[in-house]
Amino acid sequence: MNDEKTLDPKMIASKPLDPKTIAERVPGTAGSSLTRPNAASSNLDLDAPDKPYLDSNELIINMGPQHPATHGVLRVILKLDGEKVLGTECVIGYLHRGIEKIAENRTYTMFNPYVDRMDYCAAVSNGLGYCEAVEKLMNVEAPPRAQYIRVILTELQRIASHQLWLGTHALDIGAMTPLFYTFRDREEILKIFEKYCGARLTTHAFRIGGCQYEIYPGFEKDVKNFLTFVAPKIDEYETLLTTNRIWLERTKNVGVISGKDAIALGVTGPVLRASGVKWDIRKAVPYANYSKFDFEIPVGSNGDTYDRYLVRMAEMRQSLRIVEQAINGIPEGPIMAKVPKVIKPPVGEIYHSIEAPKGELGFFIVSDGSTQPYRLRVRPPSFVNLQALDLMVRGALVADVVAVIGTFDIVLGEVDR
Amino acid sequence: MNPLLMNPAVNAGSAPVATPFFFYFLAGAAVVSGLFVITRRNAVHSALALIVTLLSVAGLYLMLYAPFVAGVQIIAYAGGIMVLFLFVIMLVDIERVSKERQYNRVWPVGLLAACALLALFVSAIVKGRSLLPDRMVQLPESSNTQQIAAALYGEAGRVGQYTFAFEIASLLLLVAILGAVIMTKKKI
Amino acid sequence: MVEKYKRQYGSGIEAQTYLGQNYFTVDRSLIPDFLRLLRDEEQFDYCVDLTAAHYPKREKQFDAIWILYSFPRNERIRVKTQIADGESLPSSFPLWPTTDWLEREVYDMFGIKFTGHPDMKRILLPDGWKGHPLRKDYDILKQDTEWVQINLGIESGQ
Amino acid sequence: MNILTSYFGSNLPPGNAGNQLWALIYVFIIFAGVAVAVLCMNWIERKALAHFQIRLGPMRVGPHGLLQPFADALKLMLKEDIIPAEADATVFWVAPVIGLLAAFTVYIVIPFGPSQAVTDMNIGILFMLGVSSLGVLGIVTAGWASNSHYPLIGALRSSAQMVSYEVAMGMAIISAIMMTSMNAGGIGTLSMIGIVQAQQQQGIWFIFKFFPLGFIAFAIFAIAMVAETNRAPFDLPEAESELTAGFHTEYSGLRWSLFMLGEYAAMIAVSSIAVTLWLGGWMRPFPNLLNGPAWEFIFSLFPALTFGGLALITFIGTARMPSQSFFRIQRMGLGIFAVLLGFIALLLLLIAVVGHSNDASIAARFREGIDYVYWFIFKVAIFMYLFIWYRATWPRYRFDQLMSVGWKVMLPISLGVLILTAIVGVLIK
């Protein structure tokens, strides 16, 4: 390139990757990449000496941190041969706020609103995970009525999160219109949240031990109206995309990841299920009364972007089923378990995880018996899933990178914490 | 074929305006940009200057009542080939190329060759003056395309003057295309 | 399972349960073998998380914790080991590639190095960052104070 | 007056009638018209796209955002024009001008009517293809001169894309040109006016000729022209989700707006080619089925009806504006606009009626001219709406898919159509 001067000279890579190793890493060409010891992270040879004369084939491009398709401040360094991706490296941390350090300096109650700021597209799910983890640490359980309310709100949040994902993902692939449709319908969910707890995005809906607020009058009617309202809308999204030829060409066999690779890379959530692994924490390790509801786990078979799209669409419908069962069966009773005013869990440690819209969201809490967590570790699904990016886009084109970043449904607030 | 254009009165109406001005303008532009092509260090600037040259020559063709040739010149050279030229040049590290001394050492030879070519042209014009027409032939502009077609492909059952040569040339191009594909494609 | 390993490794392994969650406390020297055994023979094919905790008062300051899950057994366990400051751990990247970024994060936050990791560098914090923030002795105001001292020439901005 | 009659007395475009003054006036009218059409197109695109996407679009500047394009143009002119420090300043400066010139030069040969064109070149369609293919030079040089990666990739994509789709486009055009030789004389033409006249003589639009050959060629062209103008779903050179803004990432202010102007002008130009070659150019629908003075009169009412309808919609809009004092100026503006539209409609109606009653009057010539231009613009407008529709509906192609569609689908089909057209033409002759 002629603009070497503008770049750090170290950034210009010279040695082309051995074509054989690339072929090995391209999904589906030769075995699993993961048996190779260094199949991830440092694959760009960024420190290699200057490239030879007239070797104009390779191009290092910084996608992000300011880029319309990286869903925030993700920076992906792409090494390109023309349009073909030879390697990627993710640079993250631009949104790092030290949530885990903050947790060590706040009481359990004070930390509750902070978790909403991680995955700000699915704040209710984060709150559920955190509250349940602390409850487990204290060995209390929320009363059934509170659990039903939690399930309803969490599943609504899952639909909202998937809608947001669908809109932005379609926009990344170039279809502008679904974005506006999904935002229109997501608005109805946010209205329910707002009526319930006064906030739309970072809700802080749940408290340790149950729920702070009783459902408002008309809540059931609102939710039922929403159920009848949104079911045809999901069909509407599908008519726009599912059989669209360009959509099929852009998503089929793009970013393929096998079930084996997905497990090895710790990928969870819809991405794992689209690869054919039928695993959902709601079924595998049921929490919050999920064992009482009848729903199915949608699974894909090819592990490509199109399957992930289908899985998420099916998940939205399953969530509707769960909400419908829950709203019809809310039991009477208290909404708060008997927890002390000052939350002081006994010494011990606990790991609790839930099925967030993006995957397994885990909280590992070490308590030293004081009012503040001694150590609080968040297991963020987006962060772990994002590791698979390199494997999935190797050998693909630039446009596929965008599609694959979109298909992970990452939220940078959660990746960086 | 627009029958109105066959009308001689119409052709009289569209007599060209300011012919000498346009001729010298286009010729000057062609020469100046031609000089730019060989003097610019930056290859992209050279390519752009070459495009100007080609367009000026297309304008000269238009003035010679050869609109078809002018159109083909624009499509094939300025629009097609030069885009591919730029395509390649853009990928080359220009800053580095401009620092390299590539052909600069052989410039005396180049000058010699250029002078020889010039001498050839001059001698051809001087010696062959009797063969050349002393005035520009006034051809009807409107049937230019049809005349070219007749010369290349023949008309009314008659084989054209250049049909054979034209087909040979196209065959040669086909071979060249195949050769290029085989040379660049790693596996077919 | 517990008994089998106890027999094999003796006192290096201790199995415990708290609130229904099982965990092993394993001696540092047994870690590579034990993790490999868990993956290969006990089918713990999914490494959920890898993290650490800092206990500055202990002699061996750090706890490193692996949270493992087995799809075939639908079971989650934790493996815990204690290491001292400056000691390094073997990278579990060859076992579970997912620990790539997790190990980098542990290094970033605690300063525990993993030998055999392909690219041991900071992940969330900038490369030139000083200190490891999740250590208990890392003051949350430290950066701020330092910046104020360097740039404004006053003792503390708070 | 002499000059006026010298033009109106002739059946030729002013350039060919030897009317330099009229040719110049036409050039100015067309350039101003294209600039205004681009502004209108900008507004319509934003509004139509907004309504596709259940939103309102521009609403603040003027009633229903009618003045938005002017506000945008003003903003872009006043905006700082940034040339990146590492850019090649000369080429950076020249690039948008190349694109704009290429897009506007094409309009010289676009026939809005048999004599409503600047000039009628013998090689009209060839000239159009050639000049519009120069537009890619602007994009390529812009991408290179920006000295940045995203524009460069955008430029590479667009040059590859435009060069490859030009081939299929050319094949489709040639099959239409072949059809022009199917009239009495048996000699084809490349002249834009000649092509429409050939359709007139043969009594059929080329889209229906040799059905389905003409239609397939038209479809190929209609797809290739979207790719040629870098519009969705072929908008890879400026794919905002991949390349931020493609080749014009580094451009700002006036220079950026020149690119936009060029793009929209090129869209109108290629739509005009499609209309001229396949949809009968300036001819009104069904000229041979529904002929006779009565039908002539009915069809000549369409321009007046269109403007009348627009005026009516605007009146309704005025009536439905909220009655707060805040909107008073907007109401007045919209009202004046409606009156203006209604006035134009009345004028057109008058011309149509007078022209119908007296064939020899100057109104009759005006009526004819208005009809031609109206139907031409009407057909082009349909294409422009299609451009918007595509954009709202389809995701974007990936680069390799785009190329394979171009080379593996469009080119073989267009070659096949070309050969079949030749065979059928020879057989019928």
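Note that the chains are named A, B, C and D in the order they appear, and that numbering of residues resets to 1 at the start of each chain.
Simple rule for what comes next: a contact is a pair of C-beta atoms (placed from the backbone, for glycine too) under 8 Å apart; a residue touches a chain by one contact, two chains touch by 3 or more.
What you see is a predicted model, and the numbers here were worked out from it, not measured in a lab.
Chemist: Note down the smallest number of touching-chain steps it takes to go from chain C to chain D.
Modeler: Contact-graph shortest path, chain C to chain D, evaluates to 2.
Chemist: Work out the mean Cα position per chain and let me know which chain is farthest from chain D.
Modeler: C
Chemist: Roughly how many whole angstrom separate the Cα centroids of chain A and chain B?
Modeler: Here the centre of chain B sits 59 Å away from the centre of chain A.
Chemist: With chain centres defined as C-alpha means, what is the inter-centre distance between chain B and chain D in Å?
Modeler: Result: the chain centres lie 30 Å from each other.
Chemist: For chain B and chain C, what's the span in angstrom between their mean Cα positions?
Modeler: Those two chain centres are 72 Å apart.
Chemist: Could you state the distance in Å from the CA-based centre of chain A to that of chain C?
Modeler: Computed from C-alpha means, the inter-chain centre distance equals 23 Å.
Chemist: Touching at least two other chains at once: which residues of chain A meet that condition?
Modeler: 1-2, 5 - these are the residues of chain A that touch more than one other chain.
Chemist: In chain C, which residues are in touch with two or more of the other chains?
Modeler: Nothing qualifies.
Chemist: Could you pull out the residues of chain D that touch at least 2 other chains?
Modeler: 152, 156
Chemist: Once bound in the complex, which stretches of chain A touch chain C?
Modeler: 34, 37-42, 92-93, 96, 98, 100-101, 104-105, 136-137, 139, 263-267, 277, 279, 284-285, 348-351, 353, 360, 362, 364, 366, 374-375, 377, 379, 383-384, 386-387, 416-417
Chemist: Quick one: which bits of chain D touch chain B in the complex? Just the residue numbers, please.
Modeler: 11-12, 15-18, 20, 88, 90-91, 94, 120-123, 126-127, 129-131, 133-134, 136-137, 140-141, 143-145, 152, 155-156, 159-160, 162-163, 166, 185, 187-191, 193-194, 197
Chemist: Enumerate the contact residues on chain D facing chain A in the complex.
Modeler: Going through chain D, the ones touching chain A are 49, 52-55, 86, 147-150, 152-153, 156-157, 232-233, 235-236, 239-244, 391-401.
Chemist: Which of the residues in chain A come into contact with chain D in the complex?
Modeler: For chain A paired with chain D, touching residues are 1-3, 5-6, 59, 61-62, 67-69, 82-83, 170-177, 179-181, 184, 240-241, 244, 246-247, 249-250, 397-402.
Chemist: Inside the complex, what are the residues of chain C that reach chain A?
Modeler: 18-19, 21, 45-49, 51, 53-54, 65, 67, 71, 74, 76, 78, 93-94, 96-102, 104, 109, 118-119, 122-126, 133-134, 136, 138, 140
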